[in-house]
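Across the two complexes that follow, chain A remains constant while its partner is chain B and subsequently chain C.
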Partner chain A sequence: MTASADRRPSAPRARLWLAGVAAAALLGSAAPAAAERIFVSNERDHTMTVIDGETLKVIETVKTGRRPRGITASPDGKLIYICASDDNRVEVYDAATYKMLRTLPSGPDPELFVLHPSGNPLYIANEDDNMVTIVDTATGQKITEVPVGVEPEGMGISPDGKVLVNTSETTNMAHFISTDTNEIVENVLVDSRPRIAEFRPDGKHVWVSAEVGGTVSVIDPKTHQIVKRITFEIPGVTPEAIQPVGVRITSDNSTAFVALGPANRVAVIDTETFEIKKYLLVGQRVWQLAFSPDQKRLYTTNGNSNDISIIDIASEKVLKSITTGRSPWGAVAVP
Partner chain B sequence: MTITQRARRAATARLAAGALIAAVAAGGAAAQDQTAAGPATLAQAGAGGGPKTPLPAPTPRAEQPGQGRAAQGKPGPDSDWPCIQPKVGALSYGQMWAGPPLDEAIAKWRDDPHVADLVPLLVARRTKRDEAQAAIDRFTAAAGPEKNAQLTLLFAGVFSEINAARSAVITGIERYARKQRALSERIKEASLKLAAERKDMATQMSPEFQKKEEALNWDTRIYDERAQALTYVCESPVILEQLAFERGRDIQAKLDN
Partner chain C sequence: MIAARLTSIALLAASLALAGPAAAQQAPAETPAAAKPAALPFKFGVLRQFPPPPPWWNTIATLPPQDDGIAGARLGIADNNTTGRFMKQDFQLAEELVPFGEDPLPAFNRLIEGGAKFIVLAVPADQLLKMADAAKGKDVILFNAGAPDDELRQQDCRANVLHTAPNRAMLTDALAQYLVTRRWSNWLLLTGRTPEDRKYADDVKRSAKKFGAKIVEERVWNFGPDARATAQNEVPVFTQNVSYDIAVIADELGEFGDLIGWRTWDPRPTAGTAGLTPTTWHSTLENWGAAQLQNRFYRQSKRVMRPLDFQMWLAMRTIGEAGTRTKSNDVKALRGYIFGPDFELAGFKGQSFTYRPWDNQLRQPIVLAQPAAVVTVSPQEGFLHQTNLLDTMGFDRPETKCKLQ
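Up next is the complex of A and B:
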């Protein structure tokens, strides 16, 4: 006892030390929050789950408009945009305080959207009225609408922001739209029920997943030709359970990840050879994918197991799962 | 509309029709599902150059996943299936198991007494997740160096049992739907008959008529209550699939890679 008592700092010293700790804490809270946060839209709970990227714990559950689906962040990571599908609007949240700042007009039933790489405008797919709505994020005004195929959903934009690709689930096309003229330049037939369009970060190809067709079409955006149709086969899984939806490609363009819906797997694909390297078992009905800002991890939303899975990209292994609200749909992570 | 405008529109329409034929011919190889392509809209075919492949005329929304396969040679939508959830006949183990192939284990798991003892606890819906995890922990510890093989057998048992229970639930739902359909026919016939008999006040007040009316009211009430219960009944296959997945996840967490 005496030994440990001797090591204790004297009372004045202890006060000094405490003051130092308090000052450090104050400074820490004054600085902007630097930790990564993961935002997940929960379609059936009408909420957004906020997860701390370091502790991997849920830190907040935010009430949103009804049926939140598409979710994305502004390029600076300060704003979170959500499609509130049943409220026919886009909601904009502060990524630090989780407060809703404003709403944007979206047209009916917005499902998915994509931001121009500069952060403005926002391109929104209206599932119910066969339109892509273009909204100025600064003024909150609708710029125009582009008529597309039936049941538009997937939205991808080229890295230079010049080409927008929308997919229509019933027409089974990828519509290539010029962002200069806001008109369709070409329509490409793909397999049944195309869900997502995702450009390689170098703009060389755009990957379009077909949920019912069970394939991914890789399209050259210059020639509008399909250069490869990727098919999937998993031992012990019936072909009809393989329903490709979410697609993400690493910033070095080398690896693509494709979420396979009720197959509960994410395919890891070499973007040069199109060889499927692995099928990672994640959660039930894996839907959308999002990278961590440092691209070390990939998050998957699992709609039927009500959780997200975390994939370590270097080792291509599933690290763990985190419970969210009911039917998690989309995810985005900000620094 | 001026003559020039009309001529221009006609020319655009011809252009669109030509492009459409070319597009359908070209698309045939690439696309698995052809959409019924109608004439292109003027908005699309107009404006200098436009897309080579025009938009087809709007068609009704496509079938949702789970129904669409019917168009590809699989059995058609089942008229006995009353649920919003697509009917998935049997689960496949690859949806919840990334370990070694299970075919042999599915045939043999009952022969192992430890596995056969634990499976009923793990497949019971009342067993809480932490209880199940604790039981799997004990099983893993007891298996020693054989744990990968033992855990594979354990999951094979859990999967087979839940899959069998789920199939029974699906058969039950179909039987339930058939009964409901028969009941609805009966209600329809009885109400038509009663309407025809309802000629005057005297008939309506007769004990015989009132008895029939009461029977009809009861049938209608039973039908309505069963229809409401269907929402819960339809969730059962999904709940069982979630249970199989959760147990699979917990068992795989104990496997050595």
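Up next is the complex of A and C:
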């Protein structure tokens, strides 16, 4: 419904854009770089919304497998990976044509995954199966499975690719897994219902959000000690509504953003002092976060208001929201 | 006749958790499960006694499954053991099923003698009180997963009993909040013949007063235990000559509640023990990660999770969570943690659950469902509370008549 409404005006725009390219080519100036595109997985209508990063309009709505949740891009930005949870597979899309290229085995109910920094392999959390499945993205073969706690979800990988962190929601642990041996080296208890594990780009800490606990545990991956437990307090918002989920940390390691679920806010946190600098009001039940490739913007998926919010990082202001499909779950942006 | 008695399905649970196609491909990562002898034991018992079935329960559609509740306990043990592998903790379960009309105390004593420290009960209130008093002074935590009686949270409360079952007042408050939100404030109360029905009706009246609804009239169902054949004639008459927004039904055994809808004199919706029903769990709940629990349960038991399953699962998870955090199986340490500031039980309903220290009642959101769909989850927005929104349902601290001992 939303999809077709958004698509209708896109055809003439596409033609105009082509004309623009043609004109630019005629004038001999450099063709505009392919614009940034934002891909959003819509859990409840089984689609992926594609948004033009420049015009901030929906340019395509792609039908996916059932219950698409986790979404990520290959390091070169050419491939989009999606967990089709109810179809028990990972789908790989061409980021330029939006066509599905192939599927990968995922194990049952894949929810979230993380790519090795090199782009291979893919580490998948099987939420219904207490497993992490490791898949070779080149051959499409399953490499192995690692048994973890109940309802594995969050997946983070260290920048050097050596340490994988999986969170299990009902076991309430962050499992540190060596990617050399594919075995658990340590289990760190965190607060209730851990959702996301996100490494600082320099690898110094891994941040683990706990949805029901309402906290973020900052863990030193060398010692496996929790160095800081961040709590949130928002005037006028009940503590129960503060449910941290998505976490992203800027490439200069200075600032972390934490999505707070039904509190409808994103916390802006100093990664050195762990001080919360600001709460940004976004859409309802803010879930996952994604940076624009140039890290000037942050996109938030708002599951209950069926839109994404766009945050300008320099000014720490919410610029606007864009309607997506039903229950937008995750997002990724590629150049 | 004792139906079943199992011990330690922990091993089974652990092997299930490790099984899968991958196990064949590559040996799974070495886990603490291998170091079995060192594992800290947590011994559970579960005891269930069904209420007497009304005559027409005996249809394949409405007959409760044999493992009602017990299956939830088993899943709780399995979940605890998945975490237990990492914690070197071993959760074990002994099961006792007692037919209605028999004395359940011998079965209870067998669980105690077998060393169970955590006993999950779904028995009538009078039996529960006998067990609580028999266990007094012993290092045992009892869970009431079945009895909805308000008295067990009020004058008949017991310090050694924690309630994962909601009491009737919690359920009717949850319903009242929603009806008042919809401005369906004039209720026709239809009450059944049993003492339990009258208790439910009393709580409906209490909730109406608490949230500003009005009982325009109360009528008592007197058409016998099985009016299926004659309902089409009787129900219109039973519900005529009264002006109301919604019929609220108090009929815990389900003798007539499902005969009311679509047969009232005026076209009116139904709620209470039939129609829109307040409960702890529904098979169509899928938000807040509930889909995962539903799937896990279905894979284990080949049927949908029912409220009693969920309430028993919550009891298992209460100890599992406290055991993980305290790294102890000591009853006093666990109890201290459960009632301490850090305890939070994740129950797939959008926020953490805790126990009320004044009457040991578990706080949890209440699902309002029609047969094939969740309609809403209470507390409803706008009903405020100074400390915990969940305390808008049931007995808040100022209302308690419980003196724990």
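Some points to look at:
Methods note: the second predicted complex is superposed on the first by the 302 of 335 C-alpha atoms of A that agree within 3 Å, B and C clash if a C-alpha of one lies under 4 Å from a C-alpha of the other, contacts with A are read in each partner's own complex, and residues count from 1 in each chain.
Note that in this section a residue touches a chain if its C-beta (ideal position, glycine included) is under 8 Å from a C-beta of that chain, and two chains touch if they have at least 3 such contacts.
All values reported here derive from a predicted model rather than from experimental measurement.
After superposition on chain A, the partners chain B and chain C collide with one another. Of the two partners chain B and chain C, more residues of chain A are touched by B.
Of the two partner chains, chain B is the only one touched by A:281; chain C is not.
Within the superposed three-chain model, A:145 lies in touch with chain C and out of touch with chain B [touch as defined at top].
In the superposed model, A:305 makes contact with chain B only, not with chain C. Of the two partner chains, chain C is the only one touched by A:131; chain B is not.
Look at A:235: by the touch rule set out above, it reaches chain B but stays clear of chain C. When the shared chain is aligned, chain B and chain C each come close enough to touch A:212.
In the overlay built on the shared chain, the residue A:220 is in contact with neither chain B nor chain C.
Within the superposed three-chain model, A:109 lies in touch with chain C and out of touch with chain B [touch as defined at top].
Looking at the shared chain after the overlay, A:189 reaches both chain B and chain C. Stretch 74-82 of chain C is the one among 2-10, 74-82, 92-100 or 308-316 that clashes with chain B after the shared chain A is superposed.
Comparing the two complexes, residues 130, 147, 149-151, 169-173, 175, 183-184, 187, 189, 191-193, 212-213, 238, 240-241, 243, 262 of chain A contact chain B in one case and chain C in the other. Across the complex, chain C meets chain A through its residues 17-18, 20-22, 25-26, 28-31, 79, 82-83, 85-86, 289, 292, 295-296, 299, 317, 321, 324-325, 344-346, 350-352, 388-389. Those residues of chain B that touch chain A in the shared complex are 23, 27, 30-35, 41, 43-44, 47, 50-56, 58-62, 65, 68-69, 74, 88, 92-98, 101-102, 238, 241-242, 245-246, 249, 252.
Those residues of chain A lying in contact with chain C across their complex are 109, 127-131, 133, 142, 144-147, 149-151, 168-173, 175, 177, 181-184, 187, 189, 191-193, 212-213, 238, 240-241, 243, 262.
Across the interface of their complex, chain B is touched by residues 130, 147-151, 169-173, 175-176, 183-193, 210-213, 215, 217, 224, 226, 229, 234-238, 240-241, 243, 261-264, 279-281, 283-284, 304-305, 321 of chain A.
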